[in-house]
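Note that chain A is present in both complexes that follow, paired respectively with chain B and with chain C.
Moving on to the complex of A and B:
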């Protein structure tokens, strides 16, 4: 029988000063994002960098849609891992299962919230979607399959999967006992109930795997079947969306698993085998994505329509080149960092041309310079009229990108020694690449991809868009942080 | 009983999806007039979403409904 001295596992119900500080910072960021959004609601989309394609030389979709795609992509990890663990009996990965499921739910909520600011009138948009939308359209499919199907399926899976732990925790006296009883809903962890849960989870996993491929493909088809928009019309769009979704999602899962391994001190449960497994899968997906990119670029530059070629050159050697090469570089560096732990120790892994301390200082300086530049260029006073921003001088981007590469290279000896560090680095780098690639999919095809006789345009997000996106990231972290204090982030061990 | 309720929910969910997709939403075919824009029944897309949710809700019903007590 449980005694009063028994504590809830994995830090549940224990609120430290650091946790409160993190909560306060996140709450301030969410508040700032809400303030920025309130400005947009009050004054309209004119306070954003979004403009019409062609005549107003801008992009109608920008940061909001790019991050919508990014968040939907991140959601891939959770339910995929949960389903694969169930179907392929990957018991080794079970400790990250709940982290992944929660990541899916939070990411899908953020994805829904990313679309809303893109709509001038969000309430009208939602009501009209439910009232008039064509279910046959890929755009509607994105909402139904991703939001209703994918999110709802994830919630169901998450709820059912957590009943066992809720039942166990309901036996321990705590202020949350009532909540756990409600979640457990009569579950007692009998063999019959366990068997029933296994059966349900198996069938849910069977239903979810095709659903997630369809959901992510549908998002790709929103772009891929638009024949009038060079850069989007491509057979590879849907599969590339699925693969990139896996890349960003699994990358973020690696980072989250490492954070909990450190914060909770759970080195045995979150063992290196998990990082090895996820890192290997991530490396494979990165390779596939790089192959897709090469195939796509070769086709568009060799046989593409004139406008298609112009767009590709804008990516490779034009105004978007620095972002394109940063994204590609991040993917290649991520691949290298993930492979490094497997390089035989006889091969010395070091970059002798510079001192690591200098490289790290340079990297931090690059990050700081980038932040200052961004704040300066996008501060509210500087963007009173449409198009006042404009892209940064090309050399600034190249210098920052070069310093970032030096920064990453300086950590390579550490990545060679630790599979966890390599996983975290790979996870962070692929997410940088994912954000860059999402922006490159959404924006250049509007500013440089028109078939009508318009000149090239430009798009620069304003402080409103950056603030809303920062607020969304803070909201996601806040939801995650709050959840781990009321429910165990890993399955409670058998002995409990 | 539990299995019957679950099956019923799955069938109703898929049925709702099929009916709303093929018969209540905007007609399939080459769009030649405004008829192809709006759904035949307003909120047919919402019914489709409801159908998707009902299918997954069946899993909750299957797990939560109590076993029939043995005599």
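Moving on to the complex of A and C:
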């Protein structure tokens, strides 16, 4: 039975200087995103890089939609993990359960927020979707199942799961006592209550799993059932969405768990077993996704329709090759990182190592050059020119990618020693790949997938789109940061 | 109920693009929006080449992908077959645009008044423009049409909504032909009622073999082409098509 501890656990209610600093940085970023969005509200979507498909040679959907599906994808991890932990009784994974649930909720909020800037008439969007919603539109599923149903289920689950801790915390005198009492709502953590609680949560978890597959599939159907867009029209679209959702979500969960392990100094509770388990699952999902990709590529290139072939060539060896190979490379590197911790025990090889200093320099150079390039290309003063691609030659991108690969490779000795580091690297890499793949699903089918002979188009996001997306990320982190100070991010440990 | 359709005779089209112009004047479309667009193709190898033209309005599909995906029913099919856009309801999600295989949808990226060919408030033009309604506020296009009384003509002189060819619903309801049809100097464009066996379109379709664009997708377009062939990989567009706002 839990006993009274005098301070709140896991840093709740203790505000450090570092925390305030983080909060300030995030607030500035959110403010910047809002400013960018205000430009868009004032001028219209002309401030984005989006343009009409066809005679305007552009893409009507871009970064906003790509990040919308990315965020919905990330939301997969939380509630799935929570449900799996309960259904399969994975007791040792309990500590990440709440982190995962919170990730789901935050990601779904971000997903809802990233649809809004994409709408030409955001206010109408909210009103008319309620007034005139048509279930026949694949968007209907996205809004109802994903954003509302899924979010609602997650919130309920989150609430139920937190009641025990709330009851425990309500016994400790603190300014938040009233809030905990409210959350606990009479729950006392007696054995009978606990039993009933377990049962409710169990059935809820069972109900959530099919909802989850359906929700992520509907998102795939937004693209998969459009026969007019080569590259989208594919049966694999829905399953691939589900798998990629798992990949990005679990990847992010690994990163978050590692951050809390470090910040809270909870090496005992967030033990290596958790990272091993999550890393293994992630590696498996990455493998499935790679398999899907190969199957898809074979189908489109082997017998594909002329337009399919043109589109695939644009991906493999055309204007999108850079993004495509970076994403695929990130997936493969992630897979390698995730299995590395097992290598030393399996085969007695020495993983070759670079000088870490050299690696750090390479990484810094790549990041710095990338940043400069991006600022140069998307500076608000540069007016996007009709149909023009990037001004920099193509090899610059390849050199940057090469540097990044060297950077990752140089850390391999560390990954071989530490499953946590490997998990973090894998988690970050798959998320790079996830963003890349989301963009590759959304954009090329519009610019290079026209069935009438319009000729190839192009799409380059502008600073407004990047800023709004950065603001969304900051908002999500902000929500997370605030939450950990009012409620324990891990289930309060049972007293032994 | 009439069943409206358009027939385009590719043998007669001479690529003058008068239809594109007529559409712009009639519907006051903003810059870079081409509800009607005429492709120009070249086929064969020098010196044996052949140039031909393909006008492309909205196909007003019977099984329209754009209607199916619209989350709020702003894009809908009228009883007479016209595919209409209710710009009072459109939320600007552009799903119809990405779902349409023909690339005929145009979004109002800018305020249309900042995207017109003519600056209506230009001081030099004051004597002529003062007191007249500007092109982006053409009262004829602001009106409600059809039994359902929705604002579907003109596609929406409003920032952030979608627009496309309406088959000139405001003219058709008055018994006139769409502007492109009425202005084609070669009579390459025909418009009429397929239910009526005596109509020009029914007659031509009975006499000549016809095809529709991307028929294999099952969109069931209401625009028929006679006297030519669909574009194929050998049909090279003679110009780059990039009209940006």
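In the analysis below, the second predicted complex is superposed on the first by the 470 of 496 C-alpha atoms of A that agree within 3 Å, B and C clash if a C-alpha of one lies under 4 Å from a C-alpha of the other, contacts with A are read in each partner's own complex, and residues count from 1 in each chain.
Note that in this section contacts are C-beta pairs under 8 Å (C-beta built on N, C-alpha and C of every residue); 3 or more make two chains touch, one makes a residue touch a chain.
Please read these numbers as outputs of a predicted model, since none were measured by experiment.
In the superposed model, A:61 makes contact with chain C only, not with chain B. Looking at the superposed arrangement, the partner reaching more residues of chain A, out of chain B and chain C, is C. Within the superposed three-chain model, A:153 lies in touch with chain B and out of touch with chain C [touch as defined at top]. In the superposed model, A:481 lies in contact with neither chain B nor chain C.
In the overlay built on the shared chain, the residue A:299 is in contact with neither chain B nor chain C. Contacts of A:46 after superposition: chain C is touched, whereas chain B is not reached. By the touch criterion defined above, A:418 lies against neither chain B nor chain C after alignment on the C-alpha atoms of chain A. Looking at the shared chain after the overlay, A:133 reaches both chain B and chain C.
Within chain A, the residues touched by chain B in the first complex and by chain C in the second are 129, 131-134, 136, 140, 143.
Taken together, the chain B residues at the contact with chain A in this complex read 20-21, 25-26, 28, 37-39, 42-46, 48-49, 52-53, 55-57, 59-60, 62-64, 66-67.
Residue ranges of chain A in contact with chain C, taken from their complex: 43-46, 50-58, 60-61, 118-122, 124-125, 128-129, 131-134, 136-140, 143, 226-229, 306, 386-387, 446, 450-455, 457. The residues of chain A lying in touch with chain B in their complex are 129-136, 140, 143-145, 148-149, 152-153, 156-157, 159-160, 163, 185-186, 192, 196-197, 200, 203-204, 207.
Residue ranges of chain C in contact with chain A, taken from their complex: 32-34, 37, 39, 41, 56, 65, 68-74, 89-95, 97-111, 159-162, 213-214, 217-219, 231, 233, 235-237, 240-245.
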